[in-house]
Amino acid sequence: MLGPRIWASVRQGLDRALFRNMGSWTSGEGKKVDISGIYPPVTTPFTATKEVDYGKLEENLHKLGTFPFRGFVVQGSTGEFPFLTSIERLEVVSRVRQVMSKERLLLAGSGCESTQATVEMTVSMAQVGADAAMVVTPSYYRGRMDSAALIHHYTKVADLSPIPVVLYSVPANTGLDLPVDAVVTLSQHPNIVGMKDSGGDVTRIGLIVHKTRKQDFQVLAGSVGFLLASYAVGAVGGICALANVLGAQVCQLERLCLTGQWEDAQKLQHRLIEPNVAVTRRFGIPGLKKTMDWFGYYGGPCRAPLLELSPTEEEALRVDFSSNGWL
Amino acid sequence: MLGPRIWASVRQGLDRALFRNMGSWTSGEGKKVDISGIYPPVTTPFTATKEVDYGKLEENLHKLGTFPFRGFVVQGSTGEFPFLTSIERLEVVSRVRQVMSKERLLLAGSGCESTQATVEMTVSMAQVGADAAMVVTPSYYRGRMDSAALIHHYTKVADLSPIPVVLYSVPANTGLDLPVDAVVTLSQHPNIVGMKDSGGDVTRIGLIVHKTRKQDFQVLAGSVGFLLASYAVGAVGGICALANVLGAQVCQLERLCLTGQWEDAQKLQHRLIEPNVAVTRRFGIPGLKKTMDWFGYYGGPCRAPLLELSPTEEEALRVDFSSNGWL
Amino acid sequence: MLGPRIWASVRQGLDRALFRNMGSWTSGEGKKVDISGIYPPVTTPFTATKEVDYGKLEENLHKLGTFPFRGFVVQGSTGEFPFLTSIERLEVVSRVRQVMSKERLLLAGSGCESTQATVEMTVSMAQVGADAAMVVTPSYYRGRMDSAALIHHYTKVADLSPIPVVLYSVPANTGLDLPVDAVVTLSQHPNIVGMKDSGGDVTRIGLIVHKTRKQDFQVLAGSVGFLLASYAVGAVGGICALANVLGAQVCQLERLCLTGQWEDAQKLQHRLIEPNVAVTRRFGIPGLKKTMDWFGYYGGPCRAPLLELSPTEEEALRVDFSSNGWL
Amino acid sequence: MLGPRIWASVRQGLDRALFRNMGSWTSGEGKKVDISGIYPPVTTPFTATKEVDYGKLEENLHKLGTFPFRGFVVQGSTGEFPFLTSIERLEVVSRVRQVMSKERLLLAGSGCESTQATVEMTVSMAQVGADAAMVVTPSYYRGRMDSAALIHHYTKVADLSPIPVVLYSVPANTGLDLPVDAVVTLSQHPNIVGMKDSGGDVTRIGLIVHKTRKQDFQVLAGSVGFLLASYAVGAVGGICALANVLGAQVCQLERLCLTGQWEDAQKLQHRLIEPNVAVTRRFGIPGLKKTMDWFGYYGGPCRAPLLELSPTEEEALRVDFSSNGWL
């Protein structure tokens, strides 16, 4: 549970008192963290009445803890963060921090629509134990979110964040691709360490790796569907929803890529594409949570307006796993 | 200012205590409000340090109050609602309520991503004086926001709302069109009174009017750019960003349409298209606020990440008004 | 049938001999034709073996001839022109010319991907009796089809065409909107008389009417779905696929609009939207031809790859007509 | 030059006499050709008056012939095929056939909008010497081009083609992705040997390789931008516009991939992305032809409506090559 001190500061945050005259944070010695590796973006378990179920969250983490993940992403798109209150977002991160090993990295999603709210949430995420902040592009006014606006936004956030910042581009949810030129500019910021790119365009990923090669900047694939290909063009890991159910396999794919066993990697990659599409684009978080129930984790319900799968959808989901040998 | 009682209830709302065992609200006698007419979606003025400037808000409302608007929309997309805290959203509505005439309608934007948060915000908006709630489609998980999910969402909100609900579809911001079949189903709900459609597809607007003709359901155009055409196919008014600066002209266009003076209406409509595009799609809220400064209102800055116009953009904005005879 | 002289010139056209040193055509005295009114874009009937069935074409035209259309569009998108050889395109136009009254206008689709081929086809269309050429935007290289390229294209075609040119923008087929600024520039060409806009964005139509008001330039709605709204913003007619089956009703809608009977117009407009969507966007030409069979015309098959409707689709098509009182 | 016999048959083709009662072609013994390797999609050189310049075509081919390409693609999108007459399309293929080594493969683009025209063009391409036909998806009526329609189309073409068929999906030009389920079905046809996928979605490419693994079906990347990644997921080659100017480098990238030198491959891949974007999506064929002029080939003008680059564009093009060390 959040301690009273943090609760207080969070509430103050909501009152916007905390950051009034705040100067630029210094993030230690500007030392950059190495974010390479595989991360499951953990789901937020809910009870039947749709309360956050912290007990189930801990159980899931214990099971996930048996795989060689680099860490966990909390409050990514898979975590239903837009459906949580600010306090729930922080509490979930706080709980995950307490449960997980100190050797692993906790990347916390802290993006909000306004720059100010994003700064506040990022600082709060640091306070509750996040190692780095993963900041999704603001998108409601996407017609005005050009490179200049996005560079301004991320620069402000990175200037004020006590922890390193990871850019997060997820066009399926935001309708917006963080432009390559903005990424290149932002890669030069001492407190921006990398990017999660969920768009699936590996030409773009290759170009970003190429154009940031003189910076200490790391790119993570946003999905296992193009993980092998991303490694091939220079990405250093992935944040993969499917790792919530097929953690061993995703880690194995990483190992095969890192050790240059490309043929075996390709075979494994192939068998992960359909299950991955099923738990992301096709059936979304309700699909992933249903699958978690099958694989011994707690999936449970989503918050509305995300609906449960229909029986037809559930059957199609099952086929996407069974036809690839996973069920 | 929000009184202590309301503040308390709002905070409780955030704690999710309020609605635990809440039954279905009865919205008076289910009497439907007539929402026909013109509304400016008011901007949220900020000080130089980006605090909400309630004094300027009141000044703007006094000036806008001289036009025969049906009412005001507060916390629409034009109001930068995604950049406000929950408390700011309510406080702004509360202030507007205090300033504006009781004869006019106050439509308050209360949409959030989760159904639960939307219900809470809607109830709170009613508590601070909104006459109706305008509820934008949730959109972050748009891949799963099919008709079933959206019908479920709006039904829940309308069931629990003490005030009538207006559906709000704005694909430029959400990447999502509320499907016609969902609108038709929802039009049968006793507490859903109409819709704001900002997509600009008048074929769709005509079809919605046609297929809801047996219901007590009203459609408002979401922009002055297609206001005349919307009247022609059966809409009953509009929520028009441009009315923040050309209020007299937008009301005149309404009058010409309602009195069947289509030729004059057409001429006036023509001259409003470019200025309207300029303060919406082209230059967004920064463009509208800049124009407000020109027209004797307080525009002021936007919250980040919305940036001010560049000098080149400002010049183009000016041309869009001057070439149509408005500057 | 095409006479031997025209056949010869057409063949020469294919050999690109005809236009080598051709100067600019003078289109009579540059007299502009008045294209206002309603046009069905006629379908191309095929026999069971997919040959053009000229007899059925004539029969359809005789029946369509009983309505007060301004003329006929031949080789529009509805005419399956991309599936016809150059010679078939010309032969069909030639036959229609012979059958139809001289008082009516024959607008012939003459667009091709290359400027040169479009010029040749336009000249040939004039030779076989077209009153004006309707020229669709080239689109295969749409990434390079900016305003400059399109202005260049249409200027060349209009310079060399012996008959007036009508611009044709149909984004559903081309993935390309002819930009407003290009339309405004082109409206100043003495041999460009107007535009067919099938995009359905009446804000855009209003803006085009407004910005070309000093030119002798006419806009036609590309579909009956937004015909009333288009009249309301200044269009002067429509090219309406649905007029192939509900010709009387489309002409009645025109009359109601022109005589200012907006209420009756609105009611009629409403009942035409779903049938129109059914024979255009939803079920395409196979849907239209199926409906023609129901309404006493010859519809018949389409050329492949357009497939016949499935029984389920056919049933849905029927409902779209019957639920609006047309079947 | 086309001999009189072929000319005659081509003309007959246009008259649609040839294929009236044609049964299913037998493509030899149904022996499938191995299409793996690198191909430049050759440009069509034009004289200053925009005639096909067969002499320059031959010169370019002689220069390209020094690289270890598997063969040449003629009449791909890069070949401006939509701007050529049917006879020019065949004549160009005929000339290329005469010039190029018999050991190399000639893939000829034979796609048209109608199934019938595509069959005729495919047969004619075989007659003038093509080893395989590359058939782009028809797209003008893309609203009806679902899997059923496309399966019907390609099956018909493959049934009647005397040479193997390669599917061709290029959404940037057609606005249409050949659906994966259609590809899987079509991969079972004995006369369909593979696919060129220009969409750049390697997840999709991986899935296609996976789901056609029991067939004798090969996938070629449609661009060098994602060539390495495509090899990584199981593609066997590429049809790469950039190979028209950096042929040695593209072949070197192939070799590095095939020999498992992934690190060097990655470095080379990175340096090819920007030049490739420049000669495809960004500046199109005018960009490629301009670059060909720089690299000792004949580029020359494009046919209208493709315009030459502006000086600003040309400078940006140059930077895309020089900043990667190619100029």
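Observations on the structure shown:
As written, the chains take the letters A, B, C and D, and residue 1 is the first residue of each chain.
Here, contacts are C-beta pairs under 8 Å (C-beta built on N, C-alpha and C of every residue); 3 or more make two chains touch, one makes a residue touch a chain.
Heads up on the chains, UniProt names are A, B, C, D = 4-hydroxy-2-oxoglutarate aldolase, mitochondrial.
Quick caveat: nothing in here was measured; it's all calculated off a predicted structure.
Of all chains in the assembly, none touches chain C and also chain D. Among the remaining chains, C is positioned farthest from chain A, on the basis of C-alpha centroids.
Once the centre of each chain is set as its mean CA position, chain B and chain C turn out to be 39 Å apart.
Rounded to a whole number, the gap between the C-alpha centres of chain A and chain B is 33 angstrom. Centre-to-centre, using mean CA coordinates, chain B is 51 Å away from chain D.
In chain C, no position touches at least two other chains.
A ring topology is adopted by the chain contact network, closed into one cycle in which each chain touches exactly two others.
Applying the touch criterion to all chain pairs gives A-B, A-D, B-C, C-D. Within the complex, the chain D residues that touch chain A are 200-203, 206-207, 209-210, 213, 223, 225-226, 228-230, 232-234, 260, 262, 266, 269-271, 273-274, 277.
Across the complex, chain D is touched by residues 14-16, 50, 77, 82-83, 85, 87, 113-117, 138, 140-145, 148-150, 152-153, 156, 172-175, 281, 283-286, 303-307 of chain C.
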